[in-house]
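First chain A sits with chain B, and in the next complex the same chain sits with chain C.
Entry: the complex of A and B
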């Protein structure tokens, strides 16, 4: 039995000894090196490009420009392909673009013999632009008469979606309701995975091979095919271990361009390693959002009717399209239920900013910041305990929205555990009526999060298991290990079903689209749930095959034997009849009925479950210096059955750390006139260091989700949702000052404290 | 890979000087933690370098016969903060350089490079200003000694003429004896960051430990180059330790500094820090001298 145990990571030894292979370890001898020339304007067109100096440089192999690439636009989102043309991802970019849509757009590329030559050549390319006024904000993009960023979207609105449950206008007429309004804003932040977006591309037997750091190998294969206009079977994508993705690699980044560069140099291997500075701007960022919330509440705190207007800054290209803004807007009606009506309007707006795409928890950290800030304002005004007002309105067991169901609900348990750890009741009293420059506060926030993307998108996963002669198995998943521990948990699942030791389960970690069965990849906290179902199904099938052969070998009738503790046993008495190894040897080498026992299945998942949780913090605010010190912080999650407690806690720690940055220090800053990035490096972009990180406490509710393969539901992304609003609410508790724009940087704190005469 | 045209590894100070004279465009590289970043960013791409990294005579801390302390400019931050002479006589300097970057940077970065880079945010600079450090600069024909305040000519510019090398940093006895000091690096992160404002205060108390006998107040990032606030210092010399004294120091310091607004921080915000940090630094320095602060 290994589910629920803290099994050591199956890749731990390989990773700490440096043996685990990452993309950069797949270097083929004499690989060329490519560099990209990015635009130095945010909006306009490339009129001409002079490459004459660059091509003269010794060591330069090829220079290509936006005028040379195929006239094919392609999508990049890491979504499963849709057969319905209406749901297809927007195909709005070429390999290199003549129409420049943000400061950093790709306009030319150099292939050279080494990095320095490539960098020098890029500097020698001269570009003549026709420049348009940069459209950097949502407000500017929506102004009448502005030149559209994409001709297909004349008003710069990529999409507008809305819903209304109940009759909002009627509901707000109820007598005695108190109205609350608030506006909230979240910044553009970056994933900051340690391994940059890197790939190798080369041709082999007339086919294109791309080795890349991605979360979604099968989708990369399809998009490379689309972008190059070649059959998808002519593309092979290999995904080794990766150094972090966090949603940033749930998008097809530079793989198509690199495949093209290899093609134009005769199929030679080309390395394209995007420098950190370019990763910040020219890959994907988290969608900055603006929210307007209006709530009508009874004096006892019950929400009667609420509405939200939400604007997402898409940036230059569609990438994931409207999906994360729509998802954020839906969450508004999920975590809390209004007694009568809820209304939502969501807009995704094109601007001349870096393209926003997926990032851990896909719009939900943003909406949760807005909603949880708003709820605390209501609690404060009504003099209610922030916990009590939440309990009165929050999601209940059995709630269903858009096909997503609350199958189990440990939210109250989460709250109780968090409350106890932070000593909430005593601190609320202790921190009342403080004066002086240093003040303390407690705050909390809750959230809900779906598990996977059913029913909006296809949820399918595959698994192949092969039995070896010694009774061990190879497990091959289309699902990807991206540092989260997926391989370990899948190994536990297979070990659990087959009842064989974990060390007898060999995970094939590398995905190779020539060999690996299909799975959409690592995103939406889906794999332990959706791909876990596939692992379970394949293991059950393999077990059936093993027992079937054992029946043949032992000449016993069906139904009398089972596979237990690595052996074939008498089902009634538990008596050991033979070892699994004996069955495996016999299966392969007997001369009557040789069979290589294996299972190869695909499972389509048609359920989705809400994962829930809470964060509590205890902080100290240094008012004159604008510094916040987090004294205590805890996340408590209801993720169903915890498959591996230590891995789960590690997952929570990482998420909390990202959310601390989102709350206190991280935001990409751009020149307000030109859209030029100002802090696109790890010195100026203030990712918290270990010295900035307090002890991160992770706890779990004891629940079991009947819809999950092993009682489990989402945990990959949720940890990064609630910390920022909990800190925001603790600042409110400490100082009485409301911060509705994240992050709460020292300068913003000092300015606002001064405004409030603190 | 770094875009470097050529690099010469000097074997002695005279050898370094000779090669610098021979190639007037060559730059000195010591630990490399500033130079390599500039090469990476393209600002110095394709440059020629003369490395002084291997000149061991420029490393280490020593006590001179007259009680002055001599610091070799190639001494790394981590060696400086661990040095027993520094720990015993000028702990504030070791504490200040222990706040540079992270452990790896402190292992390669040198104190001489830190000041010769000429930036206002250097963590050692404000402390060396407070300590009235003297710099020995050796050139092709002679060597000269100048106060650190004269070394800084402007942002990124120091008084090193062609062929000259910084060969020693000297802290004279009267600038550390009976002084205690405290440096506060105010940055957005607790590590791996540059100072939004740096503030070093050293002070000397009277025998009763209730009055300021002498005080030096120095800032980084309060102006284009590191600076002292002489008027603020003078205004509290002889004053009893009191809220009034701290407030006086802060208010007068505000009249001497010249921070600017950048996208990193506004002038107003830096002014707030100027006023607040000098008080906090002085409080800590007084405590280290055995003084008592009420409230």
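Entry: the complex of A and C
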């Protein structure tokens, strides 16, 4: 039995010994290297490019510009392909772009014999631009008469979606309702995976091979095909170990350009390692969002009708399109239910800012920040306990929205555990009526998060298992290990179903689109749920095959034997009849009926489940210094059955740390006039170090989700949702001051405390 | 630029390597000696993924010119495994404490913690944290990394007693 045990990571040994090979660790003889020239204006067109100096440099192999690349626009989102033209991802960028749409857009590239030469050559390229006024904010993008960033979107609105449940206008007429209004804002945040985006490409037998640090190898393959205008079967994508993704690599980044650069040098190997500074702006960022919420509430705290208006800053290119913002807007009606009506309007707006795409929890950290801030404002005004008002309105068991269901609900249990750890009731009393420069506060926030992308998108996953002569198995998943521990839980699943020791399950960690079965990739916390279903189904199939052959080998009638404890046993008595190894050997080598026992299946998942959880914090605010010290923080998750408690807790720690950064320090800042990035490096961006991180407490509710393959639902992304709003609410509790814009940097805190005469 | 010969000791083996005098130590270790435990996350001394020991002190090898290593003793994670293939206590602790996720930062953290582990001084958890604060990890929230280092430090101190 492996499920529910803290099995050590199947890749840990490779990683602590430095043997695990990542994209940049493969040594290719005489590989060329490439560098990209990025625009130094945010909005305009390239009029001309002078490469004459650059090509003269010794060691430069090729220089290409936006005037040379194929006239093909392609999409980049890590979404499965849609056969319905209305739902296709927007194809709005070329390999290099003459129409420049943000400060950092790709306008030319150099292939050279070494890094230093490539970097020097990039500096020698001269670009002449025709500059337009940069459109850096949502407000500017929506102004009458501004020049559209994409001609197909004349008002700079990529999409607008809306819903109304019940009759909102009528609902708010109810007598005695109290109205609350609030505006909230979340910043542009960067994933900061420690391995930068990196790839290399070469040609082999007339086909293009791209080795890349990606979460979505099969999608990269398709998009490289689209971008180069070649058959998708002519592309092979290989994904080795990757140094983190967090959604940033759920987008096709520079793989198509890399493939093209190899092509134009005769299929020679070209490596494209994106420097950290370029990574910050020229890959993807988290969508900055603005929210307007209006709520009509009864004096007892019951929500009667609420509405939200949500604007997402898309940046320069569509990437994931409207899906993030739409998902955030939907979450508004999911975590809480209004008694009568809920209304939502969501807009995704193009600006001349870096392109925003997926980042851990896909829009939900943003909306949860807004909603949970808003709920605390209501609780405060109505003098209600923040927990009680949530309990009154939050999602109940059996709730269904857009095909996503609450199959099990451990929210109450999560709240109880968090409350206990933080000593909530006592602290609420203790922290009342504080004075002086240092004040303490407690805060909390809850969330819900859909586990996969059904029914909006196709959910398909594959698994292939092959039985070896010694009774061990190889498992090939289309799903990708990106650090989250997917390979380990897949191994546990297979070990569980076959009832063989975990050491006998060999995970093939590398995905290679030539041999790995199809899966859309690592995103949406779908791995253990959607791909887990495929692993389970394949293991069950393999078990059937093993038993079938054992029947033949032992000359026994069907139905009398089973596979248990690595052996074939008498189903009735449990008596061991032979080992699995004997069956495996016989299957392959007997002269009567040789079979190579394997299972190769695809599973389409047609369910989706809400994962739930809470965060509680206890903090100290230094008012004159504008500093926040987190004394205690706990996340409690209802992720269904916990498949591997230690790895699950570790996953929660990482998410909490990311959310601490979102609350306290992380935001990309840009020059207000030009859109030039100002802190695109790891020193100035301020992601948390170990010194900034308190003890991170992770706990779980004891639930079982009947829709999950092993009772499990999402855990990968959810930990990063609730910490920031919990801290925000603790500041409110400590000081009485509302912060509606994240992050709460010392500068912002001090300014606001002064405003409030603290 | 000029080609020069670098003589130094790497993981107890004397080396003579022809290098470009502009090469960083990280590039020489990775490209010439294939020591891929040395990772590059930023190449400007911000992330710590490339940390190695130079004469027992932890350095970001990406901003350490290879020529400065002349005559020095360099250690990387590859040197921690013994001749029989046994990994060191700190590597095992990273496995046992679930301190590894994507693994990209792991070897850098292990090397950054070596001076603490090899020192005879006592270290508090806070002092340990300070020592490894030059390394970034985006996956683990540092919780289990600090646990792993703390545990090995404690064990080693107890064994000394």
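Note that in this section the second predicted complex is superposed on the first by the 757 of 758 C-alpha atoms of A that agree within 3 Å, B and C clash if a C-alpha of one lies under 4 Å from a C-alpha of the other, contacts with A are read in each partner's own complex, and residues count from 1 in each chain.
Criterion: a residue touches a chain if its C-beta (ideal position, glycine included) is under 8 Å from a C-beta of that chain, and two chains touch if they have at least 3 such contacts.
Every value quoted in this text rests on a predicted model; they were computed, and no experiment measured them.
Novice: Touch test for A:746: chain B only (first), chain C only (second), both, or neither?
Specialist: It touches chain B, and chain C stays clear.
Novice: Counting only touches as set out at the top, which of chain B and chain C does A:624 meet: first, second, both, neither?
Specialist: A:624: touches chain B, not chain C.
Novice: Determine, under the contact definition given at the top, whether A:691 touches first (chain B), second (chain C), both, or neither.
Specialist: Once the two structures are laid over each other on A, A:691 reaches both partners.
Novice: If we overlay the two complexes on their shared chain A, which of chain B and chain C does A:683 touch? Say first, second, both or neither.
Specialist: In the superposed model, A:683 contacts both chain B and chain C.
Novice: Which partner does A:195 contact after superposing on A: first (chain B), second (chain C), both, neither?
Specialist: So A:195 only meets chain C here.
Novice: Touch test for A:548: chain B only (first), chain C only (second), both, or neither?
Specialist: A:548 contacts neither chain B nor chain C.
Novice: Does the superposition put A:116 against chain B (first), chain C (second), both, or neither?
Specialist: both
Novice: Tell me the contact category for A:142 with respect to chain B and chain C: first, second, both or neither.
Specialist: Touch partners of A:142: none, neither chain B nor chain C.
Novice: With both structures superposed, pick whichever of chain B and chain C touches the larger number of chain A residues.
Specialist: Of chain B and chain C, the partner in contact with more residues of chain A is C.
Novice: Between chain B (first) and chain C (second), which, if any, makes contact with A:18: first, second, both or neither?
Specialist: After superposing on A, A:18 lies in contact with chain C but is clear of chain B.
Novice: Which residues of chain A are in contact with chain B in one complex and with chain C in the other?
Specialist: 116, 682-683, 688-691
Novice: Would you mind writing out the residues of chain A in touch with chain C in their complex?
Specialist: Chain A residues touching chain C: 6, 8-9, 11-22, 24-25, 27, 116, 191-196, 241-244, 246, 275-276, 482-485, 646-647, 649-651, 653-658, 681-683, 687-691, 693, 695-696.
Novice: So in the complex, the part of chain C that touches chain A is made up of which residues?
Specialist: Checking each residue of chain C against chain A gives 22, 30-31, 34-44, 46-47, 49, 76-78, 80-81, 87, 91-92, 94-96, 98-107, 110, 129-130, 132-133, 135-146.
Novice: How about chain B: which of its residues touch chain A in the complex?
Specialist: Listed in rising order, the residues are 1-3, 42, 45-46, 102, 186, 188-194, 196, 263-266, 268-269, 272-273, 276-277.
Novice: Under the touch definition given earlier, write down the residues of chain A that touch chain B in their complex.
Specialist: 114-116, 119-120, 123, 624-626, 665, 669, 671, 678-679, 682-684, 686, 688-692, 745-747, 750-751, 754
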